[in-house]
Amino acid sequence: MALLEETKKFLCVSCPVGCSLSVTVRGTDVLNVEGNTCPRGVTYAENEVANPVRTFTSTVRVNGASLPVCPVRSKEPLPLVKVFSVTREVAKVKVDAPLSIGQVLIENVCGTGTDIIASRSLGKI
Amino acid sequence: MSAALTQREVDVAVIGGGPAGVAAAFAARKEGAAKVVVFERDWEAGGILQQCIHPGFGLHTFGEELTGPEYMDRYLKLARESGVEFDLNTMVFQMDPPTLEGSGKQASFWTMNPQRGIERVKAKSVVLAMGCRERPAGALGIAGSRPAGVYTAGTAQRFVNMEGFMPGKKVVIMGTGDIGLIMARRMMLEGAEVVAVFEIMPWVSGLRRNIAQCLDDFGIPYYLEYNVCELHGKDRLEGVSVVQIDKNRKPVDGTLRFVGCDTLLLAVGLIPENELSKMAGLKLDSSTNGPVVNEFLQTSEECIFAAGNVVVVYDLVDFVSQQGERAGRSAALYAMRKLEKGPRDFQVETSPEIRVISPQKLSGGEDVTLFLRVAQPVEGRCRLYADPGIYSQNLRYARPGEMNEVKVSAEKLRALPSDVNSIKIGLEVL
Amino acid sequence: MIPVFRGDIPLQAQVKECGDYDIIIIGCGITGATIARELSRYKARTAVLERASDIPFGASRANSSMIHGGFDDEPGTAKAKFCPKGNRMYHSLSEELDFKLREFGSFVCAKGGQDERHLEMLYDQGKANGALGIEIVSGDKFREKEPNTASDITAALWCSSGAIVNNFEAALAFIENARQNGVDLFMETEVTGLLFDETRSAMRGVSTNRGNFNAPVVINASGVYADVISRMAGDDGFIIHPTRGEYFIFDRSVGDLVTSFLFSCPSEYGKGVTVTHTADDNLLIGPTSVQQTDRENRNTTPMGLDEAFDGARRLVPGIPRNMVITTFSGVRANTNTGDFYIKALDSPRGFINVAGIKSPGFTSAPAIAEHIGELIKDSLGDVVKLENDPAFVPTRKHIPRFIDLPMKERDRLASGDSRWGQIVCRCESVTEAQVVEAIRRGARTVAGVKLWVRPGTGRCQGGFCAPRVVEILARELGTSPLEITRHGGDSHMLTGRTKDPLLPGEPL
């Protein structure tokens, strides 16, 4: 059976402008994008339709530092659908100070192909 | 015990070690000021960005999307490498009106530090970079009881991101300021339930991407023109009453309803922290709530400069850093007695469509970017202009949540007829 | 040495004997606290039972913080007797007990002939009551001192003995001095019944949520619950009409709009909203006056706040609403009798009502306390002997108020102890040392710390300092931040740790 054309609305978040995109799709094929002010809008729409991704940020518990938690991020954006699995995985981790910014704390988190890294340095106390 | 209060002298003193202050200090050193000291009341520099662990910072400055701590890490490295000194755990609690010193003025203020006690600092120039604070619940006069569980979004952010505590389990958010939207997502990702966001205005006050990424992604509903009008609960918050409001902000009959929650987070506005500015006798702008500045970010006292959210609440940290650098450079030049103001004295005036603007004074001494916010959204073609005839740009929209820029060259300003002494910034709908 | 804080007796399911005393005082508002301090002059063993987690809690916390001159009360009433005397006592007590009292004086503002006749009536009353420093001045003379007031104020009654008190500090000062002199204070202790001898003709004590406290003399200073307790003793001579009043507090930067305490004359606009420069330099306006049946309802309402604001603007037109830092309401223990209800019962002997201590109750409290001491001596001397305690120390010091200290003194403190150099509350310049000391002296909650040393009373309303205060409370009390409450009970500030709700076995 042929897939129907439909129109989806997105707020492009590639930059702070936040263009309202009107995207015509058939299945995961993007047929047309309107409302974008730059080419990133098209790329964004295609990704949002096929596999929306987000940079994931949270904290992990840390031993022996001046703070009880250290902020972390995914090195690369990861699939939006994986966000809740990743947040549970990150919750399980407890790391020891010192930590340095960019240090990999979880490799290939939940099979997403990206790592969870420390987003700040934390000294040992 | 110190017998007499210690006196210190510095060239450029920067008050506040957040993004504006660190950028200012870095730029002041780069410009050639010898002794540049950042006075920071917290145990580390970085300011509020240390708790802003979400991404979205630095696209303009570093060309990539960083989290708050990462953004600050880069700037702090630049500042430290350039020879900026940091005085941490040091609170500036009093500022004196500047005094005449040789050919210019000199600033003086008082600091307190747990190890060194109270010190008096004399500075050839100062950059104020104290940032802003959140409008608290008390100021809104919300009716009802006074239970635990009512926090500003920033306080909740501090608890969650820095201290590892949950301020609540079931959250209602009042206001669509960016920190509120960010905290909606953050609370969801820590396993809390976020019931809804209510905004009193007919538009969202935060950035649109935060609606998409923080609310839409998680299916959190938001309601415009809704007021949270009453708190319920004796000990811990048990719920809030919300009501739809009309154009005159009057409740619409039949729309009052109870929303159960144990936490109310407020994102209802930021207020520049200008207590020191007042002590120093600076002229403040009643619409920005910050000091009146010129294109050098120089205040009404020539040795005091100001940058970042203490001047006007910016939407992007990149602008805060840019302005910080400008203020730092100006302060360094002033400290070295090299700051040359322009020949003119323009007052910046605005049409009613513009709510805030900074700088408010221009001398034609340097090319300038004016930052402004419109009073209400224009979702359609409009023209932003600076009269008489020095700037005009068509826009596809203008929204209060996002700042607009007006770039004007010093050359153009200087070339204006000598009887022109004000610049009018306006917005017209096309 | 301050006695150990007695809030730690666990709640009991069964009756437990909590202690034997000569005198039990129910309630630690200003009335109970001043009586406790007065009785601490004597060797008698006295205990104060307070149901709240912080002092002061009821009307003593939420009021206009005015020390009245004594012209507003009808001669011959108990109010007229105690108020001017209390006023005079406060001026010396504030030094003895080190609480903030500022002698700003007060004005009653008149708008036109009818109001001016009211001033004359007040003047005559004041003279009859022995109020000090009263005089009627012209509108112009009034505006010389208060230039920001309404131009249609035609005359004013000046009272130089009117003063503004920090009501939190005052209540804390009285009870702390009482405790220094041997009085026991039991917090979160709610009286549930009275204990009598077999014939119900004499008091034997009280029962509480913690157990029984035995004493032959029981003083009822329980504020809005006074009629409930009184009825337990069989005296139904008065009824409490809880009366709620709503207030605004404004930022310090507009505190100077007025320099004294301004009353309005009663009119169709209300019974009298006041505007004052507080002891800590804020601007305070209010109260409204709404009688209600609920003794606990301390809600603010949009209507009430508007009424307070409009009333205040009739005195000071330029009050800016955008400088509000918070709003609150208090419930006053008004009675159907209109006057204080101070009475020792013949039967059961040993029960003393000190009830209906509404405005000018805060002012009158020390004078009433003195009276209660005499009353016990005169009529209950056979039951409890009030013998002077030679060890009585009449003075105490408040925790140093960092913000008010000279620069040299601040430096001395900060250089000697790093906690004095660490600002916790930016708005009010409160140091860590002050918070630690408040906890050592009995503060157990975020609100309690605020009542002691003011963190969170400023323009950010605790936005920056609340996390610090929670942390310090937990550290000093040896507990987890999760146990710290805003104001006792279930008012926990935090609901858990991050990550825990996400871990396996935890419901999402």
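Letters are used for the chains, namely A, B and C, taken in the order the chains are written, and counting of residues starts over at 1 for each.
Just so it is clear, a contact is a pair of C-beta atoms (placed from the backbone, for glycine too) under 8 Å apart; a residue touches a chain by one contact, two chains touch by 3 or more.
As the structure is a prediction and not an experimental result, all values here were calculated from the model.
In this view the innermost chain, defined by its CA centroid being closest to the centroid of all protein CA atoms, is B. Across A-B and B-C, the chain pair carrying more C-beta contacts is B-C.
Chain geometry summary: the mean Cα position of chain A and that of chain C are 54 Å apart. Mean C-alpha positions place chain A and chain B at a centre distance of 27 Å.
Between the CA-based centres of chain B and chain C the separation comes to 39 Å, rounded to the whole angstrom.
Within chain A, contacts with two or more other chains are made by residues 59, 61, 69, 87.
Chain contacts: chain B has residues 160, 163-164, 190 touching two or more partner chains.
Counting partners per residue, chain C has 498-499, 502 as the residues that reach two or more other chains.
The part of chain B that touches chain A in the complex is made up of residues 43, 50, 53-56, 59, 65, 67, 69-70, 73, 160-164, 189-190, 207-209, 211-213, 216-217, 315-316, 396, 402.
For chain A in complex with chain B, the residues that touch the partner chain are 10-13, 15-18, 37, 54-55, 57-59, 61, 66-69, 71-73, 80, 83, 87, 101, 119-121.
Residues 1-2, 5, 41, 89, 91, 93, 110, 112-118, 133-134, 136-139, 141-148, 151-152, 154-155, 158-160, 163-169, 190-192, 229-230, 234-236, 262-263, 278 of chain B are the ones touching chain C in the complex. Contact residues of chain C toward chain B in the complex are 248-249, 253, 296, 298-302, 305, 322, 324-328, 407-408, 410-412, 414-416, 418-423, 426, 429, 459-464, 466-467, 471, 481-482, 485-502, 506, 508.
Contact residues on chain C toward chain A in their complex (touch as defined above): 498-499, 502-504.
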